[in-house]
Amino acid sequence: MSQSAKTLLEVSNLTMRFGGLLAVDGVSFELHDKEVFAIIGPNGAGKTTVFNCIGGFYRPTGGSIRLDGESIEGKASHVVARKGLVRTFQNVRLFKQLTVLENLLVAQHSLINTSLFSGLFKSRAYRQSEEQAQARAAHWLDLLHLREFANREAGNLAYGLQRRLEIARCMITDPRVLMLDEPAAGLNPQEKRDLQVLIDLLRRDYNVAVLLIEHDMSLVMGISDRVLVMEHGCPIVTGLPAEVQRDPRVIKAYLGEE
Amino acid sequence: MFSRVKTALFAAIIAGVIIAPVFGLQITRVGMATTIVPEWNMIFRGMAIVFVFHLIRPYLAKFIFKPKAKFTAPVMGDKGRKALTFLLIAIALIWPFFSGRSQVDIATLVLIYVMLGLGLNIVVGYAGLLDLGFVGFYAVGAYTYALMYHWLGLGFWWALPCAGIMAGIFGYILGFPVLRLRGDYLAIVTLGFGEIIRLLLINLYDFTGGPDGISGIPKPTVFGFPMARRAPEGETTFHDLMGWSFNNQDVVIYLYMLALVLALITLFVSNRLIRMPVGRAWEALREDEIACRSLGLNPTGIKLSAFTIGATFAGFGGAFFAARQGIVNPESFGFIESALILAIVVLGGMGSQIGVILAAILLTVVPEIARGFAEYRMLVFGLVMVLMMVWRPQGLMPVKRPTVELKA
Amino acid sequence: MSDLLPQLIQQFFNGLSLGAIYALIAIGYTMVYGIIGMINFAHGEIYMIGAYAGLVTLSVIGVSSGLPLALVILIMLLVAAAITAAYGYAVEKIAYAPLRGSPRLVPLISAIGMSIFLQNWVAIGQGARDMAVPALVTGAVQIPFGDAFVVNAPYSRIMIIVVTVVLMVALSFYIKYSRMGRASRACSQDLRMANLLGIDTSRVISFTFVIGAMLAAVGGVLIALAIGKLNPYIGFLAGIKAFTAAVLGGIGSIPGAMLGGVLLGLAETFAAAYISSQYKDIVAFGLLVLILLFRPTGLLGKPEVQKV
């Protein structure tokens, strides 16, 4: 697990306040190229809020977020996504009535030919673009073993497959940073093992850095390069998985959890 | 058993209270005085019907509604859809040669509503935007032609593209600020816009002719040759050119044919759009806007495209309306029109083009046939809307979504 | 003495009485939206039916019945309220209750259908044309200002303001201190939770519709008495304007509906007086668009954060 020293994502002193509630209080960390960085903590620690701030769904009350040196805090979510930062959601957000294939095609919207006229008359450029989009989709379907479900409605898939599709959908946009919000939730042990292999493959072969929120400790310990622990919106400790696991502050925060 | 009687009794009393002030005690003028004419049997009949209905309701549920699940028509697939579409187009092509003048005239109206329905179908059915002010764009299209004729003397063929473009511009400008609003709010704001357009048309008397509107709008020419019995100074009529004798029927057929061509173009464009990336984006946006944003899709831009395209279709329909009627006035562009077009889309099954076409036919033809019951037309219309939503919100004829298939 | 002050006072008075009506109707919209998150499109028609119910009651009693005026008006209000309560209850049970949980568009279309149905229901039953309402309350308070302008405050309009204020206060107390009021506040905050806690949400929802309907009925009767005529189509415009008022004050907030109603009434009256009376309806729509664009939560509403 070699790590490039290049910093892809830099979060400094991030704060998010909702009226009287301080959900995130001074979170800072760096995400390096090809790194897997996990954010863990008890429920309500503010982890998803951090994701929402980074992803542009909330406008942070304070702090800065830099993607590849460029400031993105407060930018709209679709703008941030186009810059290469995509995410999955705690409750899988697929386009349920669209087929698996169409989910992957829609995800490529910003990459393909969307000109109205070439589409209306099926110009050569348009047809080529559509073929390429299908080819890219096929690639990801094969990689994630979803090919046989390609023409099925996404909402009809088994839960584990839906989660895989969500990740495929993210990856097809050719991102720099992949944020996974509790990707192991609801998966059986075999699926969790597959997920771990998948994350490793993605960061190795597809040049993404992975930011991960997780509760499943074996997954976190198994795949992460570094871990940040949060509680009540505050960062407690950042470090290597083994260190963090032994840290007394972390154990205290997690009292009763694995 | 007893509780059912109680419910039935309660319902019957409510029914009585409801019927009484409207149908039970009718206010009539007798000479100078106003008196109440009690219609007790209306009240009692209504109460009795409601009472009985509630008593037998559980039995109804068992025998009428459950089997419905088994006998629901299977969802029509791709092949069926194509076949039906071709059948309808074939009928449309031969229609004018097998029916009388008034039937062709009604058919032209149907075609106009098909255009409007397909336009709103994109906005509501595909992009999922609740637009209650669609009539505004219809009005813009109609008035563009009317005003271009009135102030500039321009004919149909100049006005048609302008009508579409003007309506599209209105769609863009009006859509821009409001498309980020949530569902219900968007509905009311668009309703507001529709009303504002109508009020402006009424009040800008000097420009638009006010409540009287603009009249004398000409029918489309044939390559510049007017189709009329007698041509204006210095021009030849189309019939003179061709050496035919003039027949009023020909004008109607000509207009019908033009409308058919435009409707087919609308159908073609709409058909293509939903299979293109933009159409997929509309559907994705309707399903989950947040997921769209997380993938880099700009929701406002996508919504705007649906809104603008829908408005453009409405504009074309409006120009045709002006040509067919010869007169435009603000009366024709009230909220009830928006509701009617919405009903066409909903009845047809949102997102289904063939459904929209059938619904347009149904909702235009039936009121024409039932002319004698004109008073009850709107009452039934409202009732049907409620019943459709309660019993069959997916539309009269649900059609399988056209999907992109993975080529092996 | 300049005419400006008395004219302003006159317009202020007119605006206040108009605003009171909007407030009465707006409460219905805001309460329903607060609990089930839908716009009751047919609410404007309930207001119209209230007006007709009042007129029918008056016709039954008879204009020259010899009963004291206050009693006649009270009976009109009570009967109209009772009738519209039935309407509100029935509309909810028929057109909305079966659709709970459906995608947004479905109950909205059902509501539109119900609105069209009710308009024509009354149009067929009582006639589509304008109907005259006997002028029961005549006379006005006249406040002279110098020898030019006289502020004219008709008793019928004073009555509107007074009745509205009384009802607003009564409603506020009821919502605050009664069991049903507590239950409805709980439901408007979290319907599912309230249900899980054992509150009969069906009943609360019906109650909401009924109360809204009754208030709208009072508005209908009072305005019919003040203006002197009605027709089956007054509900559409009044409904949209009242909805604007509800949004202006903050949808879901009852004090907001009251505030919004008054503000809209004033805005519309002043616009009619000082800009143009033809464009006064555009004022209402324009205001609606502006609020929704720039402050969709309204004046007294809380800004909402969308959960991702």
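Residue numbering begins at 1 within each chain, and the chains themselves are lettered A, B and C in the order written.
Criterion: a contact is a pair of C-beta atoms (placed from the backbone, for glycine too) under 8 Å apart; a residue touches a chain by one contact, two chains touch by 3 or more.
Note that this is a predicted model, so its numbers are computed, not measured.
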{"item": "Most heavily contacting chain pair (counted by C-beta pairs in contact)", "value": "B-C"}
{"item": "Centre-most chain [mean C-alpha coordinates]", "value": "B"}
{"item": "Distance from the mean Cα position of chain C to that of chain A, given in whole angstrom", "value": "49"}
{"item": "Chain A and chain B: spacing of chain centres that average the CA atoms, whole Å", "value": "44"}
{"item": "Centre-to-centre distance between chain C and chain B (centres being mean Cα positions), rounded to whole Å", "value": "30"}
{"item": "Multi-partner residues of chain B (each touching 2 or more other chains)", "value": "290"}
{"item": "Of all residues in chain C, the ones touching two or more other chains", "value": "308"}
{"item": "Multi-partner residues of chain A (each touching 2 or more other chains)", "value": "57, 89"}
{"item": "Residues on chain C engaged by chain B in the complex (per definition of touch)", "value": "33, 37-39, 49, 52-53, 55-57, 59-60, 82-83, 86-87, 89-90, 94-95, 98-99, 102, 104-110, 112-127, 131-132, 134, 236, 240, 243, 247, 278-279, 281-282, 285-286, 288-289, 292-293, 296, 308"}
{"item": "Footprint of chain A on chain B - complex, ascending", "value": "269, 272-273, 276-278, 280-281, 283-284, 287-288, 290-299, 401, 403-407"}
{"item": "Complex contact set, residues of chain B against chain C", "value": "14-15, 17-18, 20-23, 25-27, 34-36, 124, 128, 130, 132, 177-178, 181-185, 187-189, 191-193, 195-196, 199-200, 202-203, 290, 335-336, 339, 342-343, 346, 350, 375-376, 378-379, 381-386, 388-390, 393"}
{"item": "List of chain A residues in touch with chain B within their complex", "value": "55-57, 76-78, 81-82, 86-87, 89, 93-99, 101-103, 105-107, 109-110, 112-114, 116, 119-120, 134, 137-138, 141, 147, 150-151, 169-170, 173"}
